[in-house]
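Which chain is which? They are A, B, C, D, E and F, in the order written, and residues in each are numbered from 1.
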Amino acid sequence: MMLITRKVEFSASHTCWNPALDRAANEAVYGAEANPNGHGHNYRLEVTLQGEPDPVTGMIIDLKQVKQVLEEAIVQPMDHRHLNHEVPPFDKVVPTAENLAVEIWRRLEPLFEATQGRLKLIRLYETDDLYVEYEGR
Amino acid sequence: MMLITRKVEFSASHTCWNPALDRAANEAVYGAEANPNGHGHNYRLEVTLQGEPDPVTGMIIDLKQVKQVLEEAIVQPMDHRHLNHEVPPFDKVVPTAENLAVEIWRRLEPLFEATQGRLKLIRLYETDDLYVEYEGR
Amino acid sequence: MMLITRKVEFSASHTCWNPALDRAANEAVYGAEANPNGHGHNYRLEVTLQGEPDPVTGMIIDLKQVKQVLEEAIVQPMDHRHLNHEVPPFDKVVPTAENLAVEIWRRLEPLFEATQGRLKLIRLYETDDLYVEYEGR
Amino acid sequence: MMLITRKVEFSASHTCWNPALDRAANEAVYGAEANPNGHGHNYRLEVTLQGEPDPVTGMIIDLKQVKQVLEEAIVQPMDHRHLNHEVPPFDKVVPTAENLAVEIWRRLEPLFEATQGRLKLIRLYETDDLYVEYEGR
Amino acid sequence: MMLITRKVEFSASHTCWNPALDRAANEAVYGAEANPNGHGHNYRLEVTLQGEPDPVTGMIIDLKQVKQVLEEAIVQPMDHRHLNHEVPPFDKVVPTAENLAVEIWRRLEPLFEATQGRLKLIRLYETDDLYVEYEGR
Amino acid sequence: MMLITRKVEFSASHTCWNPALDRAANEAVYGAEANPNGHGHNYRLEVTLQGEPDPVTGMIIDLKQVKQVLEEAIVQPMDHRHLNHEVPPFDKVVPTAENLAVEIWRRLEPLFEATQGRLKLIRLYETDDLYVEYEGR
């Protein structure tokens, strides 16, 4: 069993605000993250795939394919975007790092299902000092 | 002559859009940065001061003072903000990295004038792969 | 199941010296780390909490609370300190990276017990090239 | 149970080319990595050992010993080498990151068997954005 | 006056060997770098341009243009290549970091001459611990 | 004209305390750095040499020689030491980052005088967020 991890980055804005809560509650929960104008991050995403190296190629998965999947499924729709306004379901779901990780998992898992590399873990850095990890369970 | 440099970070959103240009021109000039909803970065700012170490303290300047100046003049007004909507003059000036560096210089220079450390250089990272440097001249 | 990790740093001195051993044995075991005057590191601590994102807030735990706990329980008592002289139990216990990780775990675990985020792992970097990980078991 | 991890680096060349495949197949599988002249990387290796801190020393394992093992078994034979031409079995095995990780594990595991620290994991970075992890199973 | 810096990376092999010197002299001068099979690095290149922000765009230079120039003039011809065998003039010139910086300057300077951003400095990292800087004079 | 820079690291303790000042004055000036037991840092030192690449070797200076000079003049006497107690003149001079940079310059400059690479600049990081630069003038 072996793991391979590829990093990508995207720059996006978000507002942490739950419309089911009033302003005071939002500010109590999210602090400065609740600013309705949004603020932004250079998100760094590490995607880890698990598999067996192919005896012929010595690779778990074609990395050109991994790069293309991450580009099309994550970077193009999220880079230089305001998550709440332009990236569903974040018009309805609060784009905390946790919820963003869940959505990235939801998008990536089926795309790797037919490949030799099964999606094992995603690690999402909001800043250098804060990251979440999700294994889809 | 000696230089001392302190780093701080702030997370903000910006839109690169010049109202004097039409949509096509803005998109040609700024590409994805022109998204009117804004996108964001973890800006990293390095502030370099020049001076002579004081013969008694061995320090150019009190670093507690530097930290407080950067916190009050830059981090508090800019962190978790949308620059175009909340941080003048970026309601009127396009918040490119270059213009943001000029504004940071304009705010910091007078605050260090009366200290032993004269503002020498600011270096502003928009991402790990792109930064501007400005010396105020 | 999701993990969230917050990093903090503190600068401290330590001496690796076991009083039950003589000088030659201490120097054989700890090498340069046995210098009785102490030497220092910028320790980097990553604290990982495990939990389920709250359906209302989308967060495992209030990060402002995490920050405050780490500040009060670890950074304030350890930053700018000589561990052997000022931070019990390191007057009696050799402050190797391993033992320091155990002590950090012992201090943090009860503080997170009543929260949504259970302490899962701590990772302590002594330098960029050396770190220990501890899961409390 | 505790883990301790030590990083080392080595600079090497490799060519990803399987002689059982023709040129077109090699280029389809490995892309630019198939260049027969080779290209190179600053490989970064993290070696993780698992053990119990010794009650007397407070250490899982003597780090001077770890450093020497990594130097003799990995850095000296691989640093400043072309893996395909100078480091067996890569005259016969394609030196993908995955296969290189397997070989590093094969070399290191017996060397730590008689120590307090059992080899737990190796993580091998080919670039900052790509790494593999292997646990020997 | 303002500076803007863009980073790119490329992975390449090189051999430091001067055919005008015999084997003993080459090994004395270059040490392990003289290995005739070559070894490799993840080269990191920072390209600094100097200019005045345009009063309309707020930018020194169109960064999409910078990216394209660096891609075409440096990354495409050098990435995944063995410098001595595939990248002139390194069939005749020893590809030390110093000589590689000179060649990169020679390629880039004319490409930026007609733009608003004049080439000011290149910084080339061979490893994290070693870099050269060149200003073309 | 070209610059080449080599990084080294050392871990040391220091206390910022001027015996000419009383306790209250020391604490006002140095804050937590005044702790008489000392605290420590992983100091990171970048040493920049200026010169012309030799037409035969393509190198400003033999890097093996640079490495040896830095090892003997800086790392061996300062690594794993308490600067105030073990590294003159810091028994008499307050080991601020500024004064440490001056002392490192004073030790290194004559050692490079007879070489092709003249000492141009030293940059000393006390932490990732704070560094001083000194050019010896």
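To be clear about the criterion, a residue touches a chain if its C-beta (ideal position, glycine included) is under 8 Å from a C-beta of that chain, and two chains touch if they have at least 3 such contacts.
Here the structure is a predicted model, which is why all the values come from computation and not from measurement.
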item	value
Chains touching both chain A and chain B, listed by label	none
Listed chain pair E-F, D-E or A-C that repeats interface A-B [over half of contact pairs the same by residue number]	D-E
Chain C and chain F: spacing of chain centres that average the CA atoms, whole Å	28
Separation of mean Cα positions, chain F and chain D [Å, integer]	34
Inter-chain centre distance, chain A versus chain F - centres from mean C-alpha coordinates, in Å	42
Contacts with two or more other chains, residues of chain C listed in rising order	128
Set of all touching chain pairs, with the criterion as stated earlier	A-B, A-C, A-D, B-E, B-F, C-D, C-F, D-E, E-F
Contact set on chain B toward chain A in their complex	9, 11-14, 32-33, 35, 37-42, 79-82, 85-86, 127-128
Interface residues, chain B side, partner chain F - complex	1-8, 48, 53, 56-60, 62-64
Parts of chain D lying in touch with chain A, wherever the complex brings them together	16, 18, 20-21, 29-31, 93-99, 101-102, 128-135, 137
